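Listed after this line are the structures, all set down as structure tokens.
Each of the next two complexes has chain A plus one other chain: chain B in the first, chain C in the second.
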Partner chain A sequence: MSAPAAAPSRGADPGLRHRLAERGVDARLLLLVPGMVFVVGLFVYPFCYGLGLSFQPAKGGGPFADYQRFFSDAYQRDTIGKTLRLAVPAALLNVLASVPIAYRMRGRFRGKRLLTTALVVPITLGTVLTAEGLLTFLGPRGWLNRALTGLGIVDEPVTLIQNYWGVFFSIVISGFPFAFLLILSYLSGIDPSLERAAATLGAGWWQRFRRITLPLLAPGLATTFCLTFVLAFSVFPSAYLVGDPTGETRVISIAAYEAAYQQYDYAFGSTIAVIMGAIELAVIGLVLAWRSRFYAGTTGGKGS
Partner chain B sequence: MTTTVPAPAGAPATGDAPRPARRIVATPGAWLVWGGVTLFLLLLLGVVGSVLVNSFGTRWFDTWLPAGWTTGWYTQAWDDFDLLPVIVTTLEVAASVVALSVAVGVPASYVLARRAFPGKRVVYLLFLLPIMMPPITYGIPLATVLYKVGLAGHVSGVVLANLVPCVPFVVLTMTPFIEQIDPAIEQAARMSGARTWAVFTRILAPLLLPGILASSILVLVRTVGMFELTFLTAGPDSTTLVVALFNAMNAAGIRAQQSVDAMAVLYMGVMLVLLVVALRFVNPTQLVSQVKEEQTR
Partner chain C sequence: MTAAPFTRLRLDGVGRRFGDTDALAGLDLTIEQGEFIALLGPSGCGKSTALNCLAGLLPLTAGSIWQDERRIDVLPPERRGFGMVFQNYALFPHLTVRRNIEFGLQMRRLPKPEIARRTAAALALVHLEEQAGRLPGQLSGGQQQRVAIARAVVLEPSLVLMDEPLSNLDAKLRLEMRTEIRRLHQSLGLTTVYVTHDQEEALSMADRLVVLRQGRVQQVGTPEDLHARPANWHVADFMGFRNLLPATAVGAGPGVVGVDVEGVRLAGTAVAAVTAGERVAVGVRPEDLHVVDAPAPGEGPSAEGDGRLAATVSVVEYQGREFAVEVAAGGLRLHLRTAARLVPGDPVTLRVPPDRLLVFPADGGDGAGGGLPAVPAALGEVGGDARRSPVATAAAT
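== the complex of A and B ==
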């Protein structure tokens, strides 16, 4: 692939240029420069700046004063647990529910395009509209509670908003279609003849799924989980609007926002942002470590 | 997927078995799956329907449907929230983000797709990180830096902040797309004396057009829907539709809820138009398996 690039014989000093070109370094790598400038200037630099800021507490003290402040204050510390209690089950549900549905829907059937379109719609809704809809739909006078009380399933309206469940539903609505689409495309990427070969050898559907499809799908599952987890982990608008932003759903992003934009303590805000990033990367690292124990070849070719 | 498999028309899960006459009674597994889909769609319908009905209703309290119907909330929302400039800003931001991220991302993904060079994994990781991190984590330091430089609070700051996840997104979607284009075509062009620029404009650009369209539409949808980064960097004259919606909802009590709902419906309308356009170009299930599709065709 890089064969034509290995011989740029124009210009002086053929020695050094030639040796660099042999290792794949030549003028065409300059195309990478604008992209790298953007990533370094707008992502790496601000992140390092924030990291530096987090070691310079506004209220004095040692470089770790803000970290100590976060972990010694239960009101701040508990945000980690609250976020994980929301994000992990929601992301797991999104991924695990997508697998059987996508498994059924991976072939062709009438109305597939319509159904996938219906499932894509929530991506366009955005968290704010979802929040507004959930407030009306699940509220004490909403359609759901009217139906439940009307059918005699419950006597009192169920409280599903301004608490954990409202945020949970909001994550499922925005995260499930995303997970489903990804898993559907990973599943369609697995060569169906593999499963048919297993079927000729007498494997039942469970064996086919367990021994053929699942191992090939595992890398895709890990990627999907990571991406849905990022979505769920950064719930901000819905935790604010549908949740209980001072109690049950005071997630870590709310803590970071409040510190930076309501108390104007950018150092503390950056500290919380750094902690948040560290936790998120830890979870993703765990998932990817689990994934690397699986087959990573190219038969499916997907999910790598 | 389209051509390799003789498509089993009705039974996707057991495409190999000779199908008996159409079964009416489905297996428990099928019931569970379709039950789950139905529940989800019902939840979705309830959420969207509530907003839609509320935005057209006059007075809605403790009944199934509002007492009467009106379109007054829309004109009120349009005037109250000053929506025209907001929509113009939204489109301005989205268009600039799309143009810039394509211009910056496509050359980078070309290098990543075609070349092996020292440090490639590091570069790849650098492009992956902004997508893998929650926007708030880098949004707060980024906004701090942008405020210090004096860019935040203006459209330019909002555009810059939105580029952070969008450039990597273009890179990551375009890299597999470029990989599946036969390098022999480029080599032939080079043999015929074309320079890199000519190869790009005369050979690659026409071949890449579908991929570029697909990823720019996805970036467009992402940017219009991106709340956190815009929220952290926008000033009074650079709020986009989502942020305006959040602010309106957050200040509930001042405005009628129906008016906020009307605005939400307008937002949904903008997004739906974008989605319909997007689906004309992109089949959502093929975002990942695009490579294979192209090869088997």
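== the complex of A and C ==
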């Protein structure tokens, strides 16, 4: 290789440097280091450690003994169904309820910021405060039951806490703002002139929504469902506080917690956590497979 | 909800307010079947508002729209049966070209064979048979434009509305599509309302032009009317009168009047009655100023007699076949176009034809305010460059 007129004084081979630069390798890559340290130290390593632990049962019996134990014990196995029964309907409700509200709110109007703020507040409150509120509001002597009995709609107070419904409401309350904000931003990304064009072509509001907006929104709905589902599937505090942690709402995270911190069987706890992750991945995989059937490009209308 | 043909579409005092401002006020217009109408004006003049009101995408706040004897301004857009071509085309990005064009036919619940036949015909009309299976994102700007047009005309609408459909295309394609749209309009017997801010486009395509400014109609007329006889200085400004200057009337009009422009005496034709001493605006197109060989008799800058004016060249721009030249005569700066090879500093003699120098009342004649700026140079620059002056348009095309 012939050296150029201005020979590199630092001795680095300019050819090599150019070849690396072509592949995007240069000093700016160093900016990734802090983030990588963080991810490896706080996510990748603990994850691999837990995964390894799940294959080392405390009571011996081969690497898959704890997995066999989980699936052969109905008390443990049933936590999957219980959690799915909570998480799937809650995530679906969050997504489906967000669509019409976001659809109505995507334009500009007075008080939009106030309403958005009000919807975001539940995220900032945290599940414990929500649970406290639910206990007071939905409890046997709470406002709701007093109102219902006072109006003569029901004779006995409706049981809405310490059971499935308490946890369900708690998940909806904390998950809805996420779903709503995500869907609002997806909807705002769809060019409003598309619906106007559909209107001039003779499409009524339902046709416009079903034929134009919904297909363009579908990928966003899938993503939103996945996120709220994962949030709901890992429900833990509210399952204890407003649920029935030994029966109806003994969700999978409770099983993992009990194994690890009440029986001090970390290996079994890790096994349950890995199973939990695998189920979440399976559901997300299904949803994304459904999503891939839809158009996933730009929604800005110009298509460029 | 079929596209009922009509013989006359009448806009009766159509207006639209946004808060406290009138985006459009008192638009009276009758559109005959088969006409090509251009709504022309600078941005924010209300032309797109007018189009959206016509399409039903924006409710009126005043007036009414009549299709023959049927009132249509109360109908939603999907029941008016008008085709619309949007500025950004608004093609459905998740549908192929074919499905985009079929959409309106499917909404009308036409039988499948008819949908297929009419879609194929529309694809052939805009020469996009080979792109029928592609998504809009895979097409060039010009092809997207043609899909948008095909999608609108496949319904054989009684009226086609076009909202600056060429503004996103490059200069060469713009010229081609201009011809294409005019050809489609004629061959399909469409009635078209076309919104544009480009006076050249409007003049070359339309049968009649409606010039709007600040939501109000300034002038309605044929391209010849507007080109030769702008009703006020705002229209003139928009119609390529790059030399638009504040002046004082010396004589009284109508007819030929003397004017004093920055101390230079000129003769012009008054478009409305003016009185001596009144503040007026004078306008002349760069191409109507001529460089003559014979020098003016040495009496200083004055052109009242024979329309001759001595001046000095200050700026020369090469424009292909011609030069765009700025000259100074006393305190007066004028733009002109000439084939003569001039150099800054050259003394020249201009002929200012009194029939081409138009004299307008300074208030614009419409009472909408907005008098001429005090500094003539500022008007010449801002007025000429911010809008599409003929020089700039020639350079762009």
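By definition in this document, the second predicted complex is superposed on the first by the 288 of 304 C-alpha atoms of A that agree within 3 Å, B and C clash if a C-alpha of one lies under 4 Å from a C-alpha of the other, contacts with A are read in each partner's own complex, and residues count from 1 in each chain.
To be clear about the criterion, a contact is a pair of C-beta atoms (placed from the backbone, for glycine too) under 8 Å apart; a residue touches a chain by one contact, two chains touch by 3 or more.
Since this is a predicted model, take the numbers as computed values, not measurements.
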Contacts of A:Gly247 with chain B and chain C, given as first, second, both or neither: neither
Chain B versus chain C as contact partner of A:Gly62, first or second or both or neither: neither
Which of chain B and chain C A:Gly81 touches, first, second, both or neither: neither
Between chain B and chain C, more extensive residue contact with chain A: B
First, second, both or neither for A:Ala199, with chain B first and chain C second: both
Residues of chain A that lie at the interface with chain B and also at the interface with chain C: 196, 199, 301-303
List of chain C residues in touch with chain A within their complex: 1, 55-57, 76-84, 86, 88-94, 103-104, 107-108, 135-139, 141, 144, 151-152, 155, 161, 168
Residue ranges of chain B touching chain A (in the complex, touch as defined): 1, 5, 7-16, 29-30, 32-33, 36-37, 40-41, 43-44, 46-51, 54, 61-62, 64, 103-105, 107-108, 110-112, 114-118, 123, 126-127, 129-145, 160-161, 163-164, 167-168, 171, 183, 187, 190, 196, 221, 225, 227-228, 232, 242, 245-246, 249-250, 260-261, 264, 267-268, 271-272, 274-275, 279, 284-289, 291-292
Chain C contact footprint on chain A (complex, rising order): 191, 193-194, 196-204, 207, 211-212, 215-216, 294-295, 297-304
Touching residues (chain side chain A, partner chain B) in the complex: 1-2, 4-5, 23-25, 28-29, 31-32, 34-36, 38-40, 42-47, 49-51, 53, 97, 100-101, 103-110, 115-134, 136-138, 141-144, 146, 169, 172-173, 176, 181-182, 184-186, 188-189, 192, 195-196, 199, 205, 220, 226-227, 230, 233-234, 236-237, 240-241, 253, 256-257, 260-261, 266, 269-270, 273-274, 276-277, 280-281, 284, 301-303
